[in-house]
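Here chain A shows up in two complexes: once beside chain B, once beside chain C.
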Partner chain A sequence: MEKKKRGFWRWLIASVMLRLILIYLPKTFNLASRPEVSTPLVSLRRLAEGYWLKQSSISPYAGSMYHGSPLLLSLLGPLTVKRIEGQPNHLLCSLVFVIADIISALLIRATGHTLQMAYRQSLNSLDIVDLLKSSDLLSSGDIAALVYLWNPFTIAACVGLSTSPVENLVVILALHGACKGLVPLAAFGWVMSTHLSLYPAILIIPVILLLGYGPDTPPRKLYLQKGYGKNGDNHSSDNCGQQETNQSKAEVTFSWRPVIHFLFWSSLWSAYVLVLCSISVKPHGSLWEMFQRTYGFILTMEDMSPNIGVLWYFFAEVFDFFRSFFLIVFHLNILFMILPLAIRLKHRPCFLAFIYIAISSMLKSYPSVGDSALYLGLLGLFLDELADMKFSFFLLCGYIGVSLLSPVMHNLWIWRGTGNANFYYATGMAYACLQIILVVESVSAVLNHDRKLRKLSVTKLRDGNS
Partner chain B sequence: MPKTETGTPKMKPRPIVRLGIFLISHSLLVCVVCCTAGVLALLLLPLLAKNTYISENALMPGSASSMISNRDISEANRLASDLSGLNFEPQDAAALESRGILTKYMSDLGAEVSYHKFHHKPNQFHPLHFFSSPDSTSSVKNFSCSAHGLNTVGIIRAPRGDGKEAIVLVTPYKFGKRGATYKFGKSGAAETLSLSIAYTVFSLLSRVTWLAKDIIWFVADSQYGEYAPVEAWLRDYHLPVFTGLGTLNADTCIKIDDLYVFEQKSIAQRKISDGFRRAGTMAAALILKVADRNELLEDTLNIYAEASNGQMPNLDLINIVNYLAVHRQGLRVKVEKVLTLLDSRWLEILGEIFELLGKVARSLNPGWKFGISAADYIEGSATLASSLYYQALGIPTGPHGAFRDFQVDAITLEISPKVFPHNKARHNEFLLRGGRLVEGVIRSINNLLEKFHQSFFLYMLTSPSKFVSVGVYMIAFALLVAPLPLVAASLYADANQLDLGVKNTKSTPTATASDELDITFRSWKWLYAAREVFLIHVWGAAVLLLPYFICQIPNCSPTSSTVIWVFLSMLSLLILYLIGVSPSTHVSISQPEEKGEWAILKSATISVVFIGLLVMSVVNFAAAEIGALLLVPMCLMAQPLKLDMKVGKLRSFLRIICNVVLGFVAFPPAAFFVVKTIFEGFDSIDMGDFWNWMESLWAWNSATYIYIGMVHLPCWVLCIHILLHSC
Partner chain C sequence: MELPPRWAVLLFLLLSSTKASRSAVDKEEFQEELLLKPLPDRKVLAHFHFESRAPRNSNGRRHLHLFPKAISQMVEKFRVKEMELSFTQGRWNYERWGGFDTMSSNNAKPPGVELWAVFDVPKEQVDASWKNLTHTLSGLFCASINFLESSTMYSAPDWSFRQASGHLRYGMLPREAVCTENLTPWLKLLPCRDNAGLSALMDRPSIYTSFYHSQRLHLTSNASDLEGLNPGIVLEQTLTVVLHPRSQRTILTHISESYLQPSWSLSSIFGRKVNGRCALAKSSKVYLQLERGLVSELKKNIGSEGYDGEANFELSVNPDRVLKEENSRHGIGSSLLYEFSVDKYSNSKPFDLGLTWKFPVIWSCQQAPLHAIRFLMGSGNERGAIAILLKSTDLNDSSPGADRSSDGCELHVNIFQIVPWYIRVYYHSLQLFVDDQLKAVGAFVEKIHVMPSKDKISPGMMEMVLKLPCGVKSAALTLDFDKGFLHIDEYPPDANQGFDIPSAAISFPNFHASMHFPSNDSERKSPMLSKFQESSPVLSYTEVLLVPLTTPDFSMPYNVITITCTVFALYFGSLLNVLRQRVGEKERLLKSKATAVKTGRPSELLSRLSAKLRGRSQEPSQSPSESSPLINSKLVLKVLLMAALAVAWQYYFG
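Up next, the complex of A and B:
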C-alpha cells in the first residue's frame, strides 16, 4: 500500500514535468489555435483580448471576442499581460492551469476513496465480501486521478492555453463537496461551474441526490431483500413487513437537511457571484449584457466556426427561419435525458453526474477536448462497477483514431484545400458516436453490475437460509 | 466496424449484426479473398484508367489563335545573345551584369521589376517541422551570410484586371556562377533558352489587351537548387515578416548589403523598386525549363506534378497543358516512368492475359470495352508505378512543390528540343512552339473565374492523358485493409472466449456466481497488450528522433551514420524490453486461455496498424498503399513460430516460411535494399544509401518518414515479437 502511494506521487510529479516540458517547447504545435482545444468560450487568446478591452475602458464583451465570465477575466486577465523575460509568453497562465489540473486530480482521488469506501461498506452490509478480492488490488481513486492527469486530452487542454482546466476544477469541486457532504463547497462548486459554462447546471440533480442519499450504493431493493432474508426465520409476514420497513428506513432515507442547506448555500453563493460580476462589469455594461454575451452566446450558437461538436455544421446549413426551432430542439435534447436517467440511476448519483457530463459534452454548442478530459477522468472512478464493460478496446481504438484523424482532416480542408468541410465534420460525427457508445455501454455495465450484486446477495441469502 | 459481441444469445440479433458475426467467424476466408482482391485491383488500375477531359468550362483551351509574332522572338534572341555574350571571368560581376541586362529588358517592356533576396538554409533535422503549418516556419535565424541569392521578379499589371489575381511564370536561372564545378556551356544555353521562351511570352503579354490577371515572371536564382529560391520567395510573398529581419541583416551581412547597394546604383536609372512587389493571389504557376539533353525524334514535353506528401495540382492544369501541347503544338508529352518495368517479363505476361480477357469479353458483348493492349498495359503500369513511388516518397519533384504548400496549383514543364538549335530557323521554331504553348496555357488560366476546383486533386496518372481517380484506387486499398478490423475482432473474441452465437455453444443463463467473478476484468485484459503496443510506439518515436542527434556528430559518413542509428535503436529497444516488459505484471492476469496472450497482442497490433494505415491514407495515399502491401500480409500471418513447430504439418511449415519471408521483407531497410537490388542490381548496394534516403525524407518534411517510424517499424517489431512469442 505504501509503495503504491509512492507510485502515485511519482506519476503525478512526472505528469507535471511533462506539462512543464510541453509549455517550454516552442509553440510549433500551435495547440492554442487548434479548433479542438480552444473554442470561443475557453480560448485564452480571447480572454486576453477581453482584458485588453477592459483595460481601455471598453466593455470586455464588445466586438464578440470574449464570452467568458468577468470573474475569470479579472482573475486570469492580469496574468495574460505579465511577461517574464526569456520565458514563454503565457507562462503564468499555463502554471495556473497546471495547478488547476493537479488540484482536480487530487480531488478526484479523494472522491474515489470516498466512493470506494462506500462501495465496500455496502458490500459488507450485504455480506458479499468475496467480490472485494478482485478490487483489492486497485484503488479506483488513484487510477482515476492518474487517468485524468495522463489523458492526452487533459494535457492538450492544459498546455493549449484554454481555460477548461479551471472549469473542470470547479465541476470536480462540486462533486467532491457533495460526496464528502461538505455542503458549502458543493454549493460553491455548482454555482461557479454553472456561472462559468452553464451546462453543469444540470448537475444539481446528482448533487442533491448525493447530499440526500450519500455516495453510490447498490440499489435500495437489495437492502429490502436483505432485510427480508434476515428476518426470513420468523414466517409471520406482517411482522416481517414491519421490520423490513424499519430497517430500510435506517439504511436509505433521503435526508432533507443537507439539501436545504445546499439550496440555501447555493443561493447565497449565486448572490455573491452576481454581486461580484456586477461590480466587475459595472463601469462598461450591465449584468444583462453579461448574460447575453455568455449564456446567450452559448444558447444561440452564434459562432459557427468548426469545432469537434456536431452543431456548427448543422447550424451553418440550416435555413434562418428554422434556426430558433432547432436551437430549442438541440438544447432540449440534453434536458430530455435528465429525468429518465435520474430515475433509473438515482442510487448512483456520482455515476449519474458522470453520465450527465458526458452527454452535455457531446451535445453542447462549443465542445472541446477539455470536456472529454473531464468525463474520461471521472470514468476511472467507477472501476469496480465498469469492470466488465463491453467494447472497451474498441472505444480506445476509436478515440485514438478520431483524435488522429481530426487534425489530419482539418489540415486537408484548411491548408491543402483538397478536402472540404464534410471531411472534418465526419470525424466530429464519429467522435459523437463514440461518446454515445461510451455512455450506453457504461450505463448498461453499471446496470449489469447491479444485477450481479442482486444475484450474489440472493444466492448468499439462499445459502444462509438453507 | 461491426461489433464483436452480441448482447444476449437468446435473442436473434439484427441482420447487420449477424452479417458482422458471420464475417468475423469466417475471417480467414475473408482475409484471403480480400487481400487477393486488393492486390488484383491494384494490378487492374491501368485498365480502369479513364481518359482525361477538361472539366472546367471556363478554361476553353486553344479557342483563341496564338498571337506570338516574330518580333517577340527576335527580341528574345537579342536578350539571349546579350546574356551569352557576357564576359564570365569575375563571377560576381557577371552575375550583376546579366541581372542588369534582364532588368533592362523587363522594364523596357513596361513591367515592374524588383529584386528578392533570400538566404539559403542548409537542411537541418527539426523534429517539430513535420507538424507545423507553413506559416509557423518563419525561423530566419542561423542563416549564413555567404549563402544568399537574388531573384528577379517582373510583374505586368493586367489592363483588364483589378490586381487581385496573378499567374506566375518561373524560370530557374543561375546568375552567379559560384559553384567551382559549374561551367557555362550546354546547360547554360538551355537555361538561356528557357529565359528566351519566357521572355517571348512576357513581351507578348505586355502588349495584349485581354489580360485579366497580373503576370509575374519570376527568374529564380538557382545556384542553391531550384526549389529553395521559389520557396523563399513564396514565403515572403504570403507571410510578410514585419520585424527583426532588417536589423538582423544590417548587423551581420554588411558585405552583401554593400553589394546590393552597388548593384542598385549601377542600374539606378532604371525603374526598380527595392521593396517587395506583390500582385494578387496566385491562380496557377508554371515552371518552365528547357532540358539540356536532346531528343532524337521530336520535341518533347515532360510534365512533373508531384508536390510534397503526394499532393497533386488540379488535374485540369495538366489537362490543358497536355491538350495544347499535343493538339496545337504537336509536342510529345511524357510523364515519369519506371523504366525497369518496361521490359519486365511478368508484367508482359499479365498484360497479355488482360488483353486476352478483354478480347474474350468483347466477343461476348461488343459493348464491353475494358481491354487494352499489352503494350499499353505495360506503359500504363510503369507510369503508375512511378506516380505511386513519387507520391509515396512525399518529396516534390521540382519547384512546383513549393507552390502547392500555399494552395497554388503548379506544374513543371520541361521541354527537350530535338536537336540543339544551332540552326537558326530551327531555333526560332522551337521558341515559337514553346512560347505558343505557354501563351495558350496562360490564356486559358486567364479565363478562369474561380480557383481551380472543378477537376480532381486526388488522382494518379497512367499516361499524360489517362488518370485513375481516388474513387477507383481507394478500392484497392480498402480491400487490402478491410480484413484488419475483422481479424482483430475475431482474435479478440477468441481470446476472450466471447460467445459469438454461431459456435453453437449453449450459454447457461444460470451461471453461478463464481463464474461471473472470473469474467470480471476479463474485458480489460487487453490493457497489458495495449501497454506493450504503446511502449513499442514510444520506442518508434525515439528512433525517429535519433537522427537529430546523429546529425550533430561531425564528419560522419552515411554508412557510419546508418550503423550508429541501427545500433542505438537496438540498444534502446533492449533497454525498453528490460525495463518495460517485466514479467511480474502478467502473473496476476494470465490464466489458462485458448489462444493465450499473443492473440490479444496480435489483435491490438492489427488495430493499431489499421488506424495508422487509415490516417496515412488520408495524408498520403500512395505511401499507405505501399505500406499496406508490406504490412497487411505480415500482420495477418503472424503466429508464434513455436506453435507451428509443434504441429509439424506441411501447412504450418509453409506458414513458417511465409512468416520469415514476410518478416524480412517488411523490415524497412530490408525492403529498401531489396527494391534497390531488383532495380539497380546487386553491386550498387551501399549501407549509406539508406541513410541518404531517410535523410532526403526528413529534409523534405515528408510524412512518409513519420509513417515509417510511428506505424511501420513498431508494427514490424510487434509482429516479430509475436513470431518469437513463447506461448
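Up next, the complex of A and C:
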C-alpha cells in the first residue's frame, strides 16, 4: 500500500515537471493559438484583451473579444500583464493552470477513493464481494487522477494558455463536494461552474442525487430483492438479518435534508457571485450586458471560427432562415437526454455526471480539448464498472488518430491553402462520432454491469435460500 | 421665337443671375478655376475647382438659379452641417507629389469612396440621418455608397479626424470602382456641366487613363452667421488629376534632354482647349503654380536676379498676373502663381496654355515630417499583424511647426484607423518600436481611444496621438489580429480575392499647410486661393491593405447540414436505444424467439410483434384473438393522429 502511494506521488511530480518543461519551451508548439485548445470562450489571449479594455476604462465586453466571466478577468487579468524578466510571458498564468490541474487531480483521487469505499461497502452488504478484484496495481481513484494528469489533452489545455483547467477544477469541486456530502462546497462548485461555462448547469441533477442517495451503488432493486429474500427466511435466522434489511432500506431512501441545504447554499452562492459580478462590471456596463456577452454568446454561436466541434461549420454554411431553428434543436439535444439518463442511472449519480459532462462537451457550441480532458479523467473513476466496455481499443486509436490528424488538416487548410474547410470538418466529424460511441458504449457497459450484479445476487439468493 | 429651348433656358438663367447679382447680400454665385502644376516626376497635376454658393433659404420656397437643387434639398432635409465625398482611383504618391502642401492634405484621398458628414441634429438622430444621406448620395452619384449604411461600415471618430463631438460619421469603401458614371452626375451639379468653361476640358479618356484622379465634393452649410460667415451653403467641387504628358519632341537630340521635363500644353494633356468661360461663372481663371522647391531651383540655375525664371521655360500665353507667395514662416522659398483669365477667350480664339522647358531642372516636393507606410505581417489565414511604419523624410532644416519646449521638441502624430469587424484586432498587443527599438507604449502614446469591433455590428476604430522626439528616424507600431470566419452569405462573389482594410489617416496637428498670396482688395479673392490660405493640418492616408480570408466550401451547405444531422441522429438514436433496453430483455428475446420458432403460428407472431411495439412483455394469459384488434385500433389511432398533424402543418405552414 505504501509503495502504491509513493508511486502515485512520483507520477504526479513527474507530470508537473513535464508541464514546467513545456512551459519553458519556446512558444510551446504554438499551442496557445491552436483552435483545438483555445476557443473564443477559454482563450487567455482574449482574456488579456478584455483586461486591457477594462484597464483603459472601457467595458471588457465592449468588443466581441472577451466572453468569459468578470471574476475570472479580475483574477487572471493582472497576471496576464505581469512579466518577469528572463521568464516566458504568461508564466504566472501557466503556473495557476498547473496548480489548478494538480488540485483537480487530487480531488479526483479523493472522489475515487470515496466512491470505491462506498461501492465496496454496498457490494459487501449484497454479499457479492467476489466481483471486486482487489487490484494489485493502483486504485481507480489514483488511476483516474493520473489519467487526468497525463492525458495529452489536459497537458495541452494547461500549457496552451486556455482557462479550461480552472473551469474543470470547479466542476470537479462540485462533484467532490457532493460525493463527500460537503454541501457548501458542492453548491459553490456548481454555481461557479455554471457561471463560468453555463453547460455544467445540468449537473444539478446528479449533484442532488448524490446528496440524496449517496455515492454510486448497484441498482436499488437488488436491495429490495435481497431484503425480501432475507425476510423470507427470517423465521429461521437471528436478528442479524433484520438489521441488515433495515440498513439496506435506509440506503434506498432519498434524504431531502442535504438537498434543501444544497439549494439554500447554491442560491446563497449565486447571489454572492452575482453581487461580485455586478460590482466588477458596474463602472462600464450592466449585468444584463454580461449575460448577453457570455451566455448569449454561447447560445447563439456568433463566432464561427473553427474548433473541434461540428457546429461552427454547420452554422457557417446553414441558411440564415434556419439558423434559429437549428440553434434550438442542437441545444435541446443536450436537454432531451437528461431525463432518460437520470431515470436509468439514478442509482449511479457520479456516472450520470460523467455522462452529462461528456454529452455537453460533445454538443457544446465551442468545444475544446480541455472539456474532453475532464470527462476522460472522470472515465478512470469507473474502471471496475466499465471493464467490459466494447470498442475501447478502437476508441483509443480513434482519439489518437483524430488528435494527430486534426492539426494536419488545419495546417493544410489554413496555412498552406492546399486543403479546404471540409478536411478539417471531417476530423471534427470523426471526433464527434468517437465521443458518441464512447458515451453510448459506456452507458451500455454500466447497464450490463448492473445486469451482471443482479444475476449474481439472484444466484446468491437462490444459493442462500436453497 | 424660334430659339431652341436650351438657349432659352440659358438666356433666362443669365438674365436672372444678373438680376440676382444686384442684391449683393444674398445671391448665388459660381466660380471656376483650374490649377496646373508641374510635378517633379515629369507629371502634371491639374486641379479643377468649382465653387457654388447659395444663401440659406429661410422660408424653404426659394427658387434656385445656379445652385444644384438636389444638393440644397439634401442639406435642408438631413441638416448636414459639413460633408465631404470623394471618389478616388489610384494612390497619391506622397514622396514624389508632395506631402506638405494644401494640395496633398486636402485633395489626396484614399482609393475608393470616402464619405464623412457632420450633422446638425441631436446625437441620437445622427445615425438615422447618416443612413438617409448615404442612400441619397448613392442615388445621386450612381455609386454603392448605400453600403455605408450598414453599421459595420462606418464609425464615429471622436477627435483624431476632426473635432465634431459625436456628430461626425465617417465611412470608407476602398473597393469602389470609380468611373465615368460617377463623374457625369458630378458634372451635372455644375451650371454649365461640361459644355462650356473649364469643365469642357474634362476629356473622359485622358482623365481615366491618368495616374491618379480624385473627384471630391465638399459641402459646408452655415445656418446662422455665428462664426462670422455668411449664412448659406457652399458647394465646393474639385477634381484632381495627375497626368503624364507625352513628350512633344519624341526624338531626343542629346542626353541632357532625357532629364528635361516634358513640355506640355492643355491640348496635349487633355486633348481639348478652353473655348471661353462658362457664361454663368462669376470668374473663370487658370493658374500655373511653380512650387517652392522648383522656384528655388530655378533661381539657382539662373543666378538670383529674377524670380520668374523665364529663362528656364516658356509660356505660350502671357500671364495676366504673377502672384508671389507671402512667405512668413518657411525659409525655403516661395511659390509662384501665374494667373490667366479665360474671360477674353472664345470659340474663335481658344485658350491653350503651354509650357516648354528649356533647361533640365530637378527638384523635389516638400514632404510631411514623417512618411507613413502600412503593411501586413504574418502568413496564413489564421492571424497576422498590421504594422504602421513612420519614416522620417529627412527635412533639410528643422521642422517648422514643432513646438520647441525647453528640452527638445516633440512631434505629434495622430493616427486614425478603422478595421472591419472580421479583422479582430488585439489592442493589448500594441507594440511600439522607436528607432528600431521596442519601447514601452506609455512613454510615447499620449492619448489613445479604442472602439473594439463587434461581430457583425460595428467596425473597430483606433484613434491615437503619438508623441515622438523630433530627431526620430523611424517609428513603427504593430497590432496583432485574428482573422474572422464569415457565414457563406457574407462573402462577396470573388471571395478569394481578399478583403480590404481601409486606409488609415495620419495627421500632424502641429504642422499646418497653408499658402498666402497677396490679394487685390478690388475684387473678391478667388475661392481656390482662399482655400489655400486656410491652414489645415498636414494629413496623409496610408495604403489600403488586402487581407485574404479563409473561405468555407461554398458548394457544401446541403452536405454539411445532412451529415451533421446524421451524426446527431446517430447520437440520439443509439443512446436512446441503449437506455430503453431492459434488464434481462435479451434472454427474454431469445426465449420468445425459441417459442416462436416452436409454435410458428402467424397470429401468435403478430401478437408478439404488437407486444414488442408496445414495449411490454407478452402476457401469456392474453389470447391472441383478444389482443390484436385492440392493439390495431391503437395503431390506427396513432397513424390517424400523425396524419392529422401532418395535414394541420401543411395547412398552416405549408
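Note that in this section the second predicted complex is superposed on the first by the 444 of 466 C-alpha atoms of A that agree within 3 Å, B and C clash if a C-alpha of one lies under 4 Å from a C-alpha of the other, contacts with A are read in each partner's own complex, and residues count from 1 in each chain.
Quick note on the criterion: a contact is a pair of C-beta atoms (placed from the backbone, for glycine too) under 8 Å apart; a residue touches a chain by one contact, two chains touch by 3 or more.
None of these values were measured; they are calculated from a predicted model.
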Three-chain arrangement built on chain A, chain B and chain C clash or fit: fit
Partner chain(s) touched by A:F391 [first = chain B, second = chain C, both, neither]: first
First (chain B), second (chain C), both or neither touched by A:G417: both
Chain C versus chain B, contacts on chain A by residue: C
Partner chain in contact with A:N30 - chain B first, chain C second, else both or neither: first
Contacts of A:V318 with chain B and chain C, given as first, second, both or neither: second
Partner chain in contact with A:L374 - chain B first, chain C second, else both or neither: neither
Angle at chain A between chain B and chain C, C-alpha centres, nearest 10 degrees: 60
First (chain B), second (chain C), both or neither touched by A:L404: first
Which of chain B and chain C A:M337 touches, first, second, both or neither: second
Which superposed partner A:L53 touches (first chain B, second chain C, both, neither): second
Shortest CA-CA distance in Å separating chain B from chain C in the superposed model: 5
Contact residues common to both interfaces of chain A (with chain B and with chain C): 415, 417
Chain A-touching residues of chain C, taken from the complex the two chains share: 379-383, 421, 424, 426-428, 448, 450-456, 460, 482, 484-489, 550-553, 556-557, 560-561, 563-564, 567-568, 570-572, 574-576, 578-581, 583-584
Complex contacts: residues of chain A adjacent to chain C: 33, 45, 48-49, 51-53, 56, 58, 62-65, 302-306, 310-320, 329-330, 333, 336-337, 340-341, 344, 362-363, 413-415, 417, 420-422, 425, 429, 432-433, 436, 439-440, 443-444, 447, 450-451, 454
Interface residues, chain A side, partner chain B - complex: 25-30, 130-131, 134, 137, 387-394, 396-397, 400-401, 404-405, 408-409, 411-412, 415-418, 452, 455-456, 459
Chain A partner contacts - residues on chain B that touch it in the complex: 1, 3-5, 128-129, 131-134, 136, 311, 407, 457-458, 492, 512-513, 516-517, 519-524, 526, 530, 588, 603-604, 607-608, 610-611, 614-615, 618-619
